[in-house]
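Same chain, two partners: subunit A is paired with subunit B first, then with subunit C.
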Partner chain A sequence: MKCKQCEKKAVIRLRAHHISLCREDFLAFVLNRVQRTIDKYKIFVPGERVLVAVSGGKDSLALFDILQRLGYAVEGLHIDMGIDGFSQRARNVVEDFLAKRDAPLHLHALGEEAGAGVPEIASQLQRPPCSLCGMMRRYVMNRFAREKGFTALATGHNLDDEGATLLGNVTSWQIGYLARQSPLLPSTHPKLVTKAKPLALLAEREVLAYCLLRGIEFHEEQCPHSKGATSRNHKEVLNLLEYYSPGSKIRFYQEFLKNQRIFSAIESHALQECSVCGSLTTRETCQFCTVLGKLRGSSRAASDRIGASKG
Partner chain B sequence: MTGCNPRVMMCLMILVIIEGREQQLDKKRIRIKTLLKRLHINPETALALRRGELLPEDEEIVEGDTCVIRRTVAGR
Partner chain C sequence: MKCKQCEKKAVIRLRAHHISLCREDFLAFVLNRVQRTIDKYKIFVPGERVLVAVSGGKDSLALFDILQRLGYAVEGLHIDMGIDGFSQRARNVVEDFLAKRDAPLHLHALGEEAGAGVPEIASQLQRPPCSLCGMMRRYVMNRFAREKGFTALATGHNLDDEGATLLGNVTSWQIGYLARQSPLLPSTHPKLVTKAKPLALLAEREVLAYCLLRGIEFHEEQCPHSKGATSRNHKEVLNLLEYYSPGSKIRFYQEFLKNQRIFSAIESHALQECSVCGSLTTRETCQFCTVLGKLRGSSRAASDRIGASKG
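Presenting the complex of A and B:
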């Protein structure tokens, strides 16, 4: 199999694009695709300070590497979610990765703010850890970016992630979510930072190939709480479609984006400032502060019980 | 098969490593595409490597080769 661009030996076949590429041309293809995504959706402007959320996984590290190569001024934010062992290993990978690139890294430990990591909080409040983790990460990322003066926050969501989310939203007809899903979520309020997904048009397999060809060492371990996650089933379904009909994933997502205005007439919830922290929310108190409040309440209740039993 | 050196037997097989688990294939040669099908792995969710180099799906691996299969999502 030969490279379509230069006729050298190909290292990868991209069935969705009807091409095979050698190492150099595949790496160029990835950079070009991300730059085109940025241009098409007007994600960043040259010289903009971009905060990249780096978990240590392949997608976020690939994103950081690509944006740096494309000439954007990127800094990393890593949030330690306090998941036993797993979080520490992820953090080590991120620290090594950014140190090698001499790039700024900001660290935030959830445990230092909330007094506990995600598994403990989930157990105390009897809530699923994944939704709690996602909500708390989004909150911390937006707050951090806003406080430090970043105008955009980039995450490593790839085409498979976006396709899986879309399929999930379609199967349950989450019209509000469908109206907002996009590679770019512009800031609609001074307290909301623009959120961007520059890898949204790259398949997960392409991101993995990019990391392997660039020699990017990423955190491969699966989160111990992610087993059985619905998004993984949605990804499997889409990849099965892709196998039988190459190009299905990208068509599903891009055609949705073209027709998204169908959902835009739906009224969104009015936002107000959280009564505790002042960040934007649809409720009186935001979910993050609600969780922290309940956590503190349950800790106080537990210590009161211990005190009462001792007394 | 008397007198056959088991070490030599090992070398003549194809070794496949998926997420740290090793398995031997009693084949002289096999295409990556066929290998993935045999392992019930959707090629859209995996990449194959030999000596650290990516292999396109029409590439053949032969006896003595070690092939590492990387999944796009770990733990499937």
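Presenting the complex of A and C:
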């Protein structure tokens, strides 16, 4: 197997692109692909300060590495979601990764703000932890970026993530979601930061290979709560499609983006400011503040019960 | 496992519908579902003569049986595609099935018209047999129905067939095809017969169970040329989705139908009459006549070569 670019020994075969590449040309391919995604979808304005959400997983660390190499002024935001030992190990990986790079790392611990990590909050409020975790992370990321004057927040969503979301939206024909899914979600309000997914055209396998070949040490552990998540199932379904017909994943996503205007003639939800924190929401009180409020209410009720039984 | 309707012992569990049913109630469920499909999509006009395309497989025989039980005046059309022993065995099954029913069977042999069956035509013209077979069957069915004064042609496409087609159209975002896929394709021209798929909301597994429980002897053989067909792969992909989330298939298809108007704002191809047979086509000569023409040309050239070598 020879590299298509230089005829040296190839290290990876990309069936979806009908090419095999050596290490150097593969690393260049990845950088080139991200730059093309940024240019095509006008993801960043030249000179823009970019906040990268770094969980410690392969995708976010690869994204940070690639954006830095492409010359963007990046800073990292890591949110400690308070998941048992998992979060502590993720945080260590992120700190080690950023320590070697000339870029600031911002840390936010959910536990300090909410008084509990995601698993306790989920069990206290009897809600599934994954959707709760996603909602709270998005909230904190947007608030942090806005308060610190960042105009763009970049996340490491890769083609498999985007494809799985698209498959979910398509199989239940969620027209509203279909109208909005994109590598770039531009800000539609001063309180909403632009969200960018510069890895959206790179397959998960390509991002993984990038980390391995670049020597990036990432947090390999799966979150203990993610087992059985719908997105995982959808990824498997897409992998079967890709197995039968290489290139299906990228075609599915790119042809969707080309035709997306079809879905855009939809009603948008009216946004208002949360009565507690002032962030944008479709309700009177945003979900984040609702969760914190319930949490405080239930711990107050618990301490009242303890007080009553003591008294 | 008890029947949801009558508490007798259930014979089948329908996870997508959250029910288990006994034999009698399952057979009634199937009839009811087909009648609801016919009503919902206004598939047949009361008293309409319906031509059912009967290949001999489970779907077409179940369709014939169900439509007859629902009181429709059905007649069968079987096209012998000239595939080695496969077609002969299919024809025997269809003749046995129709002999027991008070309904006419029309037979058409492609070999008599074209001078060869699908495999020879495919190899002579170096074309893939499956698309050729589909094109020629559709042509003969439409022509036959039109010439014999039928206003509707019913085929046994089930939910898995429709889902696989939809998945193919969605993964490559074929907007034109998405605009047209439906349990009912109304006639848009006097030369085009209305096409109906009354089993479109019944899963393949449900149709199979119907045949087994009703004692319908169908042609079980897979066509020797269908191996590796894209539709089979798409069915497997959908089955994986269904396994993870029961009800996915029917939701995918029904929600699509609800939202299909989104795709309808598309260009339609201009239709003209074929210069040879007068049927409708987007080209000067329709595909069927093009194939027959090439076939005759190549056999004439072959006999010329034989004549020349003899002379």
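Operating definition for what follows: the second predicted complex is superposed on the first by the 311 of 311 C-alpha atoms of A that agree within 3 Å, B and C clash if a C-alpha of one lies under 4 Å from a C-alpha of the other, contacts with A are read in each partner's own complex, and residues count from 1 in each chain.
Basically, a contact is a pair of C-beta atoms (placed from the backbone, for glycine too) under 8 Å apart; a residue touches a chain by one contact, two chains touch by 3 or more.
Here the structure is a predicted model, which is why all the values come from computation and not from measurement.
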item	value
Touching partner for A:204 - first (subunit B), second (subunit C), both, neither	first
Which superposed partner A:92 touches (first subunit B, second subunit C, both, neither)	neither
First, second, both or neither for A:282, with subunit B first and subunit C second	neither
Contacts of A:131 with subunit B and subunit C, given as first, second, both or neither	neither
Which superposed partner A:245 touches (first subunit B, second subunit C, both, neither)	second
A:235 touches, of subunit B and subunit C: first, second, both or neither?	first
Overlapping contact positions on subunit A, where the subunit C interface meets the subunit B interface	236, 240
Contact footprint of subunit A on subunit C as seen in their complex	170-173, 175, 230, 233-234, 236-237, 240-241, 244-245, 248, 251-252, 255-256, 258-259, 262-263
Touching residues on subunit B, where the partner in the complex is subunit A	42-47, 49, 53-59, 70, 72-76
Residues on subunit A engaged by subunit B in the complex (per definition of touch)	1, 10-13, 15, 20, 23, 160, 203-205, 208-209, 212-213, 220-222, 227, 232, 235-236, 239-240, 242-243
